[in-house]
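Reviewing the structure listed below.
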Amino acid sequence: MASKPIVTLDSSLVHRLPESSPTLFEAKKRKNLTFEAIAKEVGRDEVAVAALFYGQAQASPDDIKKLSQVLDVPAERLESQLAGIPDRGRTMDMPPREPLIYRLYEIVQNYGYAYKAVLNEKFGDGIMSAISFSTKVEKETDEKGDWAVITLRGKWLPYSRF
Amino acid sequence: MASKPIVTLDSSLVHRLPESSPTLFEAKKRKNLTFEAIAKEVGRDEVAVAALFYGQAQASPDDIKKLSQVLDVPAERLESQLAGIPDRGRTMDMPPREPLIYRLYEIVQNYGYAYKAVLNEKFGDGIMSAISFSTKVEKETDEKGDWAVITLRGKWLPYSRF
Amino acid sequence: MASKPIVTLDSSLVHRLPESSPTLFEAKKRKNLTFEAIAKEVGRDEVAVAALFYGQAQASPDDIKKLSQVLDVPAERLESQLAGIPDRGRTMDMPPREPLIYRLYEIVQNYGYAYKAVLNEKFGDGIMSAISFSTKVEKETDEKGDWAVITLRGKWLPYSRF
Amino acid sequence: MASKPIVTLDSSLVHRLPESSPTLFEAKKRKNLTFEAIAKEVGRDEVAVAALFYGQAQASPDDIKKLSQVLDVPAERLESQLAGIPDRGRTMDMPPREPLIYRLYEIVQNYGYAYKAVLNEKFGDGIMSAISFSTKVEKETDEKGDWAVITLRGKWLPYSRF
Amino acid sequence: MASKPIVTLDSSLVHRLPESSPTLFEAKKRKNLTFEAIAKEVGRDEVAVAALFYGQAQASPDDIKKLSQVLDVPAERLESQLAGIPDRGRTMDMPPREPLIYRLYEIVQNYGYAYKAVLNEKFGDGIMSAISFSTKVEKETDEKGDWAVITLRGKWLPYSRF
Amino acid sequence: MASKPIVTLDSSLVHRLPESSPTLFEAKKRKNLTFEAIAKEVGRDEVAVAALFYGQAQASPDDIKKLSQVLDVPAERLESQLAGIPDRGRTMDMPPREPLIYRLYEIVQNYGYAYKAVLNEKFGDGIMSAISFSTKVEKETDEKGDWAVITLRGKWLPYSRF
Amino acid sequence: MASKPIVTLDSSLVHRLPESSPTLFEAKKRKNLTFEAIAKEVGRDEVAVAALFYGQAQASPDDIKKLSQVLDVPAERLESQLAGIPDRGRTMDMPPREPLIYRLYEIVQNYGYAYKAVLNEKFGDGIMSAISFSTKVEKETDEKGDWAVITLRGKWLPYSRF
Amino acid sequence: MASKPIVTLDSSLVHRLPESSPTLFEAKKRKNLTFEAIAKEVGRDEVAVAALFYGQAQASPDDIKKLSQVLDVPAERLESQLAGIPDRGRTMDMPPREPLIYRLYEIVQNYGYAYKAVLNEKFGDGIMSAISFSTKVEKETDEKGDWAVITLRGKWLPYSRF
Amino acid sequence: MASKPIVTLDSSLVHRLPESSPTLFEAKKRKNLTFEAIAKEVGRDEVAVAALFYGQAQASPDDIKKLSQVLDVPAERLESQLAGIPDRGRTMDMPPREPLIYRLYEIVQNYGYAYKAVLNEKFGDGIMSAISFSTKVEKETDEKGDWAVITLRGKWLPYSRF
Amino acid sequence: MASKPIVTLDSSLVHRLPESSPTLFEAKKRKNLTFEAIAKEVGRDEVAVAALFYGQAQASPDDIKKLSQVLDVPAERLESQLAGIPDRGRTMDMPPREPLIYRLYEIVQNYGYAYKAVLNEKFGDGIMSAISFSTKVEKETDEKGDWAVITLRGKWLPYSRF
C-alpha cells in the first residue's frame, strides 16, 4: 500500500506560482506539517490554506502572523511575499492533465447542464457564485471503502434586470 | 424579480444530444414538470434525472417505465431511444461559455491543486472517482440570501502498485 | 455616408441562437423598429432588450406581454419560445471576429490587468459581478465627432474567507 | 474582512512584461503608493497609470519626469526603460484565467452582439475605437453594497466607403 | 495555361455567409460579369464590391439600386437581404487554409513587427485604422512576369492620452 | 501629444529572436537612429531593414559591412551573428495581440476572400508570392489627418498544370 | 444494477460517420446482436467488427457477404456502402470527452514516455506499428471484481538508416 | 542496424519533470542500467519503474531504498526528491509529437469507439480504470519479425446509480 | 489480404467539398474507374486528377470536355460545377486524423528543419514553391515488399531583396 | 543576389533541441562545413545528417566516430550527448511558421486526400511508412530556373486483418 506523505511542491511548477509558494512549501516540508495541522493553527479551512499556498487565496495580516509562527518563517518575509492580491488561475493548463484534477473537470463536463437545469429550477435565472463561496473536503469510510466528499457552497446571484 | 420557469431545451443544442433528449424535454414541458417532481416519481436524484435528460446518465428498464408514466410518453418509444449506453461529454465545448457552468469550471481551475493537495494528504496517491460517484444540489437560505450547495461524493481509488 | 438601418439577423447566425431569435428579429424587421423604440415600450434598457433578442437575457412574463404587443406576435408563441432560461454565451466564437466586438475584447486584453489593479486597490480582493450587473450605451458628440460611451456597473463581490 | 493592500507585481508574470514593469512596481511597493496617489501626481487617470506600469500605455517625457519624482527612481533609468513604444497585449493568455478579468471577458462574450446591435442602430456601420479611447473606474456605494463602475469611451469610426 | 473564369461561390462556403451572398453570386454567374465590370457600374472599387458580395461591406441604398440593375435582381429582394449591417469576419477560419489568402497572413506573420517599428517611428504610438481604410488591387507586368500590387491605406490613429 | 521615440526592443521579446536582434537594437538605441536613417545608409527599404533587425530578412555581406559602419558594431560580431539564414515567423503568436499588427490581421480576415476573388479574376488561378515580394510604408497627410499607406507587391505565380 | 444492452448508434454521431454506419447499427439493433455474436459469424475479432461498424476498418468481400447474412441486409446495399477504403480518425474530437475513451487517452498521456523508454530498450530506435497491428478485449473476474484487459500487438518497425 | 542503447534523459525535457528525474536518469546512465535490470532489483514492473523515473508513479519507502542501492545514490537525496505525490500528465503536449507515442494516441483515436462498444457490451455502462490499473510490455518474435505487445489491465468501474 | 477497390467519396466529407466532388465521384464509381485510368484519358497526372476531384486543382476547358467523356457526365453540368477557381485547403482539419495523411504530416514535423537546412545550403535563402509545383506517386517493389515513392518538385524562389 | 552561407543554429531554437545540437552546429560553423560535405564523410544522406543535427535521427557508433573526426569534436563528448534515442517531433510548433517548411505542410493540406486516393488505388488499404522510410533532396536546373526535388520513399504497410 502506498504511504501518505505530506504534500510538497513539484519543482517544475514553481515558475507558474508567486514567490510565496516555494517559501511556504519549503517550510511545510521542513516542519513536516499537513495542511490539516496548519489550518488548525491558522483557523481556516484546510482547502483555503492549500489554496493560499498555491497563490489562489489571500492571506490576512492575522493569517500571516500565524503562518509565520507555525512554519517558523520570519514574519517580514511572509508579509513581503504575501502582500499582493492573488493573480488566480494560472497554476495549470486546462483541460487539467493531472488525473485527480481531471476527474473534477470531467464532472463539470458531464454534469454541467444537469447542474444548471436543477439550479435554475430551484433558484431561477442566475449563477452560484465562485467568489462568495466556500468549499471543504471530507473523508468517509464504509464497507465499500473510502469516499471523498467535496462540498461547494456559493451564494446564489440572480441576474439583475435592467 | 425573475420567475422560476421549468427548464426546457434550447433548440440550438439539439444536434449535440441523443434523440431521447427532445422527446423527454418536450414531454416535460407539455406536462409542466420540474426535475424535482420527475425525480420523486422515478426514485432517483434530480441531478441524475437531469443528466439522463441530457444523455449523460443511463436509464434502467425501471426508469424507462416510470418516465413513460410520469411524462405520458409511450414506453416503446422511450425504450427504443434510451436503449443505448450514454456517449457522454459532448453536450458542450470547454471551457464552458454558459456563466453558471463556467463558475464550476473556474472552481476547478482555481482550487484544483488545493483539492489535490488536501485529498492526497487525507488518502494518499490516487483519485476521487467520477464514476463510483454521486452528487446532489441543495438550497439553503440565511439572512444573507440564498446559497446553492453542491455535494460531490466519489469513491477513493488508490493507484495500483505494479 | 453610410445609412443607419435597423439591425436584422444574419441568417448564418441562426443555428447558434434559440428559436425565439428569428421570431423576434423577423417581427422587428417587419415593424421596422429600433431596439431603442422597443426598449421604451418594454420599459427596459435597449442593451438588455438586444441581449434578450440574441437569447442572452431572460424575459419576464410582463416583458413577453409587451413584446407581443409592440412586435405584433401572438403572446402564446412568444411565451412558448421564451419560456426557458437563457443558455448564454454561445452566439460567437472567441476571440470575436467581428471588428466592433473585437475592439471590446482588445480592451479587456490590453487593460485587463490595469482594471484588476485599480479595482483591487479600491475594493480589496474580489471581482466586479457580471451577474448583479447592468450596462448601457450612450452617444456623445463634440467638435471631434461622435463618441460611444459604454458603462459597465457591477456589484463588488469580495472573496469569502473560509 | 480582507484588507486592501496596494497592488504589487506577481513574480511569475515578470517574464511577460517589459523591463520597466519590475522597476516601477518595486518602487511603488517601496514607497507604498496606490495608483490613485501616483495618478494624482502624474496628472493622468489611474487606469492609464496602471496600464503604463504593465507596459500597456506610453509614457510621455513629462510622465517620466513625474514618475521619477513620485517613485524616487533616477530619471535616466526610467527614460531608458520607458523609451520604447508599448508592445501591447502580451501580459496574459486569453481567455483570461484571472476571475476578475474573466468577468470582463464574459461581458464581451455575452453582450457582444447586443452592444453591436445597439451601437449600429445609434451610429450606423462602424466601430467604437479602442485607440481614440479613454476609460475610468469608479466606486459607488448604496444600501446593497459597493458597485464598481467602468466607463469605456471611444471615438465612433464609420467604415470608409471606397 | 489556366483560363481566367469569373469567380463563383463555392457551395461549401454558403453556410458561413449571409443570404445575400448566394443571391449576388448566382446573378453574377448568370450575367457572366467580373467584379471589375460590376464595380464600374456601381461606382465603387472592385475589392469593395467583392467584399460586399461576401457580406464584408455595407451596401448603400444607391449601391442596391445599381446592383439590382447590373445584376438583374429585383431591388426589393436585394433591399431585404442587404438591409442589415455586416457581421464581418466569419467567412473563414484563421490561419487561412486557402494558399492565396495564407500568403497575406504570412506577410503579417513575418513582417508584422517590422511594419509596427516603421509605422511607430513615422507616426508615434498608435495604429493604422482598418475601418477608416481603403484598399485596392492592381496588376503590373514587366519582363519578369506579372505582379500583383495590393495597397492598404488607413487613417493613422494615435492612442489617446488619458 | 505622444512623442515619436525611435523603436527599441522589448526585453520580453528577446527569447523569441536570434542573437543578432539585441545586438542590432542596442546599437540602434545607442546611436539613436531611426530605421529610415539606417536604411538610407544600407541602401535598402526601411521595412526590409526592420525585418532584418527582427531576424526576418537575410543580410548580404555588403549589408553587414554597412550595418557595422552605421551602427558602430564590429563587423566580425555581426558576421558571426548574421551568418545564418533566417528562421522566420516565430516572433509572435497568431492571432497577433499587438493592436497595430492585429489591424493588419483583421484586414486579411475580413478582405481575404475579396482579395482572392479580384486577384483570381485579374490573373487566373494562382497566388501572389510572399517571397518574390517587396513592401513599403508611406505617410500621407491631408486635411483629415495622417494616413499610413502600405504597399504589397508580389510576383503572380500561376498553379502549374501537371 | 445497470443492464447490459447491446450498443446502438447515438444519433448525434451519425454526421461524422460513413453511410454504412447507420445501416449496420440499425440492422444490429433490429436483430438484437452483440458484436461478439456478429464477430463469431464473420470470423473476425469483435473489436475489428466494431471498428468496421464505425468506419474504422475495411470490409473484405467475404466480410460483406457474412455481414449481409447475419444482419439481414441486402448484400448489394452493403457492397455499395462498404466499397470504399476507410477514412479513419474522424469519429471524435481529441482529447476524447467520453470518459471511457478518455481513460485510454490518459494512459497514453501518463505512461507515454515510459512505454517509449521500455520499448526503445527492448527493440532499439523505432515504433510499434498501429497498422501491422491487432488488438483484443478480454474480461477477467477475481475476488476484487471485474477487470478489463486490452491487448495491443504491433509489429516493431526500426527506423531506416539512410 | 541501429544499436540498442539504454535510455537517457533528453535535456530539453528536464524543465517539464520533477527534480528527481535528472537525478535518477543520470545515475542510470552512470551505472549503465536498463529499466529491466532496475525493475528486477526493485521488484516492480519495468513500465512502472520507467514511469517513476518520469515522475508518473509514486515511490514507496522500500522502492527508494532499493533505488538508492541499485543506482548508488544517497538514500536521503532520493527520499527528499521523491517525497511528494506525483503531479502526473505534464511530460508532454497532446497530441504527442513523438512518433512512437503518437502511434498509441492514434490507436485511441481510431479504435476508441470500438473499444467502448465492446467493453459496454461485455460489462455494461462504466469505464476501465486507469488508476486501479497495471500495464506491461512484452516482446514477441516470429518469422515476420519482432512484435511489441502492450497489455492494459484495469478494474471495471460501473457508473453508480443515484 | 485486403482488396484494392476504387476510391469513393465518404459521405461525411461531402459538406467540406465543392458541389463538383459528389458529381465526379459518383460517376467514377458508376463507371468503376481508377484515377490512373481517368488520368490517362485526361492527359494529366493521376494525383492532379484526384486533387481535381477533391476540389484542390483547377480544370481547364479541355479537362472538362475529357472528364465529361470518360465519366459520361453532361459537359454543361461539369462546366457549371467546375467553373470556379478552387478554394483550396478546406477538405480536412490539421493535424490530419487519417493515418495515411498523418504520416506525411509527421514527415514534415520531423524532417522540416532538416529539409530547410539542406535546401538553404543548396539554394540559399528562399522556399520551394508549392504552386509552381508538380508531384507524382510511384510504386516500387523489391524483395522486402512494396514501396510508395512520392516526388515533390517545386520551383525554387529566392527571397527578393528590397 | 543573396549568398549561400552554411546553415547555423538559431539561438532561440536551442531550448527545444537536445544538448548534442549546439555541440554539432558550433563545430560545423567552426569548420565551415555544409551538410553535403559532412554527409560524404559520414556515408549517409545529407537530409539524414541534418536530421541528426536537429536530434531527429539516431547516430550509430560508427556515425559518432566519423562525426568526431570530420567535426573535430572529442568522441567521448559526442558519445555522451548522442547516447540516447531521439525524442522526435518537438523542434517546432505546427502549423509551421517558417515559410519554407509551411510550403511542405501546405502540400499535405492540399494534396493529402489526393495522395491517399492514389495510394489506396495502387496499394489497397494501408499507409506509406514514415519509419521504414528514406528521403532525399535534389537540385535541378532548366531554362525556367532552379527546381527543388524532394523524394519520399516509404514501405507500404497494409492494415492487418484481425
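Which chain is which? They are A, B, C, D, E, F, G, H, I and J, in the order written, and residues in each are numbered from 1.
By definition in this document, a contact is a pair of C-beta atoms (placed from the backbone, for glycine too) under 8 Å apart; a residue touches a chain by one contact, two chains touch by 3 or more.
Fair warning: this is a prediction, and the values are worked out from it, not measured in the lab.
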item	value
Set of chains adjacent to subunit C and to subunit E	D, F
From the options C-E, B-D or E-F, the pair that copies B-G, where over half of the contact pairs coincide	C-E
Centroid spacing, where centroids are CA-atom means, of subunit B and subunit E in whole angstrom	47
Gap in Å, rounded to a whole number, between the CA centres of subunit E and subunit A	51
Per-residue multi-chain contacts in subunit G, two or more chains	2-3, 6-7, 47-48, 58, 60, 85, 87-89, 95-99, 102, 106, 109-110, 116, 120, 124-127, 129-131, 133, 135, 158-159, 161
Touching residues on subunit A, where the partner in the complex is subunit H	2-3, 5-13, 29, 96-99, 102
Contact set on subunit A toward subunit B in their complex	1-4, 6-7, 34-36, 46-48, 50-51, 53-54, 56, 88-89, 91-92, 94-96, 98-101, 103-130, 133, 135, 137, 139-140, 144-156, 158-159, 161
Interface residues, subunit I side, partner subunit F - complex	44-45, 47-48, 57-58, 60, 85-87, 116, 120, 124-127, 129, 131-136, 157-162
Touching residues (chain side subunit G, partner subunit I) in the complex	15-19, 55, 58, 60-61, 83-85, 87-90, 130-131
Touch list for subunit B against partner subunit D, complex	95, 97, 99, 102, 106, 109-110
